[in-house]
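Shared between the two complexes below is chain A, which pairs with chain B and chain C, respectively.
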Partner chain A sequence: MSPAPLETRNAQAVPIADVPDLGDEEFRDAILTAVSLGSRVSALFGHPAGEGKLRLFCVLANDELGSLALLSRQVERRFMSLANDCPGVHLFEREIFEQWGVEPHGHPWLKPVRFQPPLVAAGARASQIGVANFFRVEGEEVHEVAVGPVHAGVIEPGHFRFQCHGEDVFHLEISLGYQHRGVERALAGGPDKRTIHYIETLAGDTTIGHAVAHCETLEALAGAEAPARAHAIRGIALELERLANHTGDLGALANDVGYLPTASYCGRLRGDFLNMTAAICGSRFGRGLVRPGGVAFDVEPARSAELQGRLARAMRDIRGATGLLWETPSVMARFEETGTVTRETCEKLGFVGVAARACGVGRDARQDFPLGMFRFSQVPVMTWHTGDVFARAFVRALEVESSGKFIDGQLKALPAGPVLAALPERAPDRIVATLVEGWRGEVCHVALTDERGRFSRYKVVDPSFHNWTGLALALRGQQISDFPLCNKSFNLSYCGHDL
Partner chain B sequence: MLKVFLERLRQGYRTSAYPLEEPKLPDRLRGLPVIDQAKCASGCEAGIESCPTSALGMKDGKLELDLGRCLFCGECERTLPDGAVRFTPDHKLSARRREDLVLRGQELALAGALEGEMHRVLGRSLKLRQVSAGGCNACEADVNVLTTIVFDLGRFGIQIVASPRHADGILVTGPVTENMKLALEKTYAAVPSPKVVIAVGACAISGGPYIGHPEVHGGAPSVVPVDLFIPGCPPHPMTILDGLLRLMGKIERKRAAEVVE
Partner chain C sequence: MSDSTLESVRGALIAALQGIVLVALAPLLNGLIRKVKARLQRRIGPPLLQHYRDVAKLFRKESIRPSPASWIFDAAPIVSFATASVAAALTPAICALPATGQGDVVTVIYLLALGRFFVILAGLDAASSFGGLGSSRDAAVSVFAEPVAMLSLAVVAAALRTTTDVSGISLASTDAAVASGTSLGLLAPWRLLAALAFFIVVLAECARVPFDNPATHLELTMVHEAMLLEYSGPSLALVTLASLAKQLVLLSIVASGFFPVGVATSLQPAALLVAGAVFVAKLAGLAVLIAIVESAIAKVRFLRVPDYLGVAFGIALLAYVAREAF
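After this line comes the complex of A and B, so read on.
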């Protein structure tokens, strides 16, 4: 019998040596078996193992059991692709190929992910942004619409190719990489004075989500815990981030169907939530707040009281603003049955966050893998089953409600004590995987330390990495004019994907 | 329909009175830093090492802070001798020349208006095409927020437009990744002359946290000529608005008054 994957928990550091090193077949079988039993692949990445070898690490997450499992496999030039049996790994395998030149043999289509320079020179290909073997539908009346990287709005760059028949979209291909800034490469060898700033700008709208995942990772490696009051403030900041972004998205969705009252109210309210974060730490995006060992700013009683008042007023207004959406037939007609993704597709491809919960999949790291304050104060998981634009909007509105309640509860009962603790040295030769439910979904950080406790590899999986394929599939059979609406309903991160 | 009206009444009037009134900003906002050279008597050399982007330096025995590189993280407030650098909530940070962003204890020379023909053409109506070239979506978001009812950019004659062909200039965010360089150059070329370039955020001014990465180009100035620099990581929306209005000469008089003081 082959060795079983190493069972572990969220944000728990374990010796790298304990992670079983499997053979090609065993590795494949272990992953496929785990997936058939309800796990999904949270991360799959390479790490140089010396002597020209690459060690592949896989992080399996079982939402129901709340457990993580780690396994690995040493490869040289190629390994057996899993993408045909477990489509959720298709992008991870393409990433491994692009970063390390190791080929997932039998992968259906090994296109570049980010058009990035390889992390090792040997065996890898150079690629030029936007030049790839794109999918094409042939036929006399089929035409192709290509947009981007520069788009019409104030938005990050990406390239989209629609294969159309008249107004109908057969297929959408999304080609990214324009935002690639070399973050993973630069994180290796850290932590150093730039590390926290890389983390805070991985996806700037998810500053808190990524910073909490990073700091929990460091705390796990140091075998220490942030003070309770810091956990509460991190929780408040994480939910304020969710409130601001969900509110912005609801407004943007209203705008995309031409319903201006909600669009303009939400535009203002999003700012009100950002300003609450700024009231805590001076930055609307939470820059400088979450730090290894706790948080850099306290919320004193007077500040807490003021925030409670502001929150109550904003919650009243957001309820009024979003309530209009569900009562307006012209809005609902555009939201319902547009950009539908089935539950089956969601489970197969391992979508996370709002995109998954809108397919009726109750996946939420705050509930399944709770860290920090979420171990003590639960936030209910909000789902809707229709998988369309409406579901993604409605789940956001439900989450706005529950985030508001959570923040109010935390502000009213902040634990006493300090907000920052000094961290001991990080343990050497450890691996730790940390999952945090950012506003888009699961933020996954995996750190491996060397013999001095420095990062020999720091892998980041933004929720968008799992979900971009969801947007592509949502567009199938839709009108091309529905693209902005569908896109907004996912609102995925380019920089979080491109790193 | 009645509900829509009732909700409209409840939501109220929300546009800020700026620039007639000073904006209400958070007390912890890290805006304009103030340098006190005297406090460096006990030695600032050790403390400047902690700056993540080398925005701090010593030149001729004097402490320098480059707003174009600064992430406004506040780390130096903790590592330098007490009071050597102190962040104030003053949101006015924009400059027309890159070298003006280097503070040595002098007053920041805030951006002046466009000159001559440029001012005549662009001073009353400024249409901008935004290009994100590796931005993390924080600068982008706080540019976008200017179009909401709170700031109501349109009342100043400024508009973000969908095509470079309709624009008077580009507003760049991000460190200019290698993968976006060509797109940025093409967008710039597509804007009819006369045109302006505005760099928003530490990334677009200098590369920000990505300074020195081979994957990026060190900001907009490495690719296109820049007319206005708006520091921050990200800049507060009021900082961006203040910069745009100064460029158009809409709050120039106030600046002059400040200079006289």
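After this line comes the complex of A and C, so read on.
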């Protein structure tokens, strides 16, 4: 019998030596079997194993069981691609190819992900960004529309190519990498003074999400736990981040269809939610709040009362603002049946977060892999079944409601005690995978420590990495003029993807 | 010089003067729409005169020409501005006088169509994918909008027994008819319906919500703006002025053509003054109406534009039936 993957839990450090090292077929079979039984690939990445070999680590997440499984295998120049049988890994395999020059043999569409220089040798040159094979539809009446990387609005850079027939889109290919900063390379050898700041700016709008994932990872490595009060404040901050971003997205969706009342209401309300985070830590995006061992700022009773009042007012207004959307036929005509992603596609490609829940998949790390305060205070998973722009908007509105309730509950019953604990030394030669439900979806951090307890590899998977393909597929058969609306309904991060 | 020659020279002068005044006022009208829209959202909004500043700024900048463009790209701003200006001169806005050539709406509509034709060509000429998209969309919108415009105007002309020949519609006659017979009520159903149909066309022709979003920066959803993306400097100023003037001209037709109350029929200074004040008030009312429409509904999915204009066509037909019935 072949060795089984190592079963583990969210944010649990295990010795790297315990992770089974499988052969080519075993590795493949183990992943495909797990996926057929309901797991999905949360992370798949390479780490040099010496002697010119690369060790591939795979993190499998089973939402039903709430368990993680780790497995690995060593490869030299190439390995058999899994992408044809398990499409969810296609981008991971392209990433491995780009970072380490190891070829996933038989990959259906092998090309750069971020146009980053290989991690193998220092000083290696990157391929020229944006220069790659793009899928093309040939024919007299087919035309290609290329947008970006420079856009008319103040947004992040990305390149989009549409194969169109009049207004209809046959295919969209998205080419990113313009925001690549080399964060994973910079994190290796840490943690040091800079680490937390790199983490907080992995994706600026998911500061809390990434910071919580990072701190849980460090705490797992140190075998310690943050104080209960810190967990509660982290939970509040995480949900405030969700509130601010969901509100902003609902407003932006309204703005994209030219519906001004909700757009302007939500613009103001997003600011109110951001200011509530600022009232806790002085930064609207929550920079400097979450720290290894707890949080850097307490929420005193007076501040808590103030926040409760502000929250109640903001929640009342947001109900009115989003209610307008569902009551306005011209808005619903734009939202419904636009950019539909089927549940099958979602499950095959392993989308996460709002995009998955809008396809009727009840996938939420707060429920499936609870950490911190979410072990004690559950947030209901909000889903909708239609998979269109409306579903993604409606799930956001539902989550706004439940996040508001969660924050209110936490503020009313903050555990007593300190908010920051000193962390002991980190254990050497460990691996830990941490999943946190950021506002966009599952944030996955995987840390490997060396013999001194320092990061030998720190892998970050932003939810956007899973979901960009979803946007491309949502556009098939749509009108090209609906792209901005579909794009906004996913609202994916460029820098979170590009790292 | 005979009296009739003198009369027509004077008429031409008046028309030219009106054209200049209308073109000069066009940016202010749009400034008002933007201001009201902003106030409805409790924003302060850009100053009323912002368009003038923008245009002045653009005239001081250089024009950049995309390399694949031909003479059409250079000609389009001039043609569209010229046609819009002439249309502004010919529109019965403040005064409607017979025998000057002023007041023929068919001329006005097709002058604007000529300008649009050149802008559509220019969108293709610049050879960018957005320009092509914008041109094809704009052409599609105009195909559906134009019949509605003509039909709703024909209803008014027929109602006033001026002529059954559409090309002969003269709003001067409209006004004369209204002035002579009080039976033609301003709030008659046929008139309101025809005006509503034409107003929907105005929204489509002026690239406003629900047909286009004048405030968007998203290239892929634009209709009108997409054709202008390659323009810069003075040529952008000209096409911008042209579309603002076109908007004012079409709204003038609503204000003075469908509801010709207060339009001066002589050149008495006092009558002109009153007519001017009434005209400005009517336009301001229309600007507020547009702002409210834009604040209350979302932009329609592009391929459903024909449905909306189809409804407008239905309304125009209904207006015709209503005129026969009442």
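Details
Throughout what follows, the second predicted complex is superposed on the first by the 493 of 499 C-alpha atoms of A that agree within 3 Å, B and C clash if a C-alpha of one lies under 4 Å from a C-alpha of the other, contacts with A are read in each partner's own complex, and residues count from 1 in each chain.
Please note the rule applied: contacts are C-beta pairs under 8 Å (C-beta built on N, C-alpha and C of every residue); 3 or more make two chains touch, one makes a residue touch a chain.
Computed from a predicted model, the values in this text were never measured in an experiment.
By the touch criterion stated above, A:261 is placed in contact with chain B and with chain C alike. When the shared chain is aligned, chain B and chain C each come close enough to touch A:153. Legend: residue contacts after superposition of the two complexes on their common chain; A:334 is shown touching chain C, with no touch to chain B. Touch criterion met: A:324 reaches chain B, while chain C stays clear of it. In the superposition on chain A, A:181 contacts chain B only, with no contact to chain C.
Which of chain B and chain C touches more residues of chain A is settled by the count: it is B.
Legend: residue contacts after superposition of the two complexes on their common chain; A:493 is shown touching chain B, with no touch to chain C.
In the superposition on chain A, contact is made by A:166 with chain C only, not with chain B. On chain A, the patch touched by chain B and the patch touched by chain C overlap at residues 152-153, 261, 264.
The residues of chain C lying in touch with chain A in their complex are 37, 40-43, 129-130, 132-133, 136-137, 209-210, 213, 215-221, 294-304.
Residues of chain A touching chain B in their complex: 114-117, 129, 149-150, 152-157, 177-182, 185-186, 193-194, 196-198, 201-205, 207, 248, 261, 264-265, 267-268, 270-271, 275, 278-285, 287-288, 296-297, 317, 320-321, 323-324, 327, 493-495, 498.
The touching residues of chain A, when paired with chain C in their complex, are 143-147, 152-153, 166-167, 254, 256-261, 263-264, 328, 330-331, 333-334, 338, 479-485.
On the chain B side of its complex with chain A, the touching residues are 3-4, 7-8, 10-11, 14, 26-30, 50-53, 71-75, 129-145, 147-150, 160, 162-164, 174-175, 177-180, 182-183, 187, 208-210, 213-216, 233-234, 236-237.
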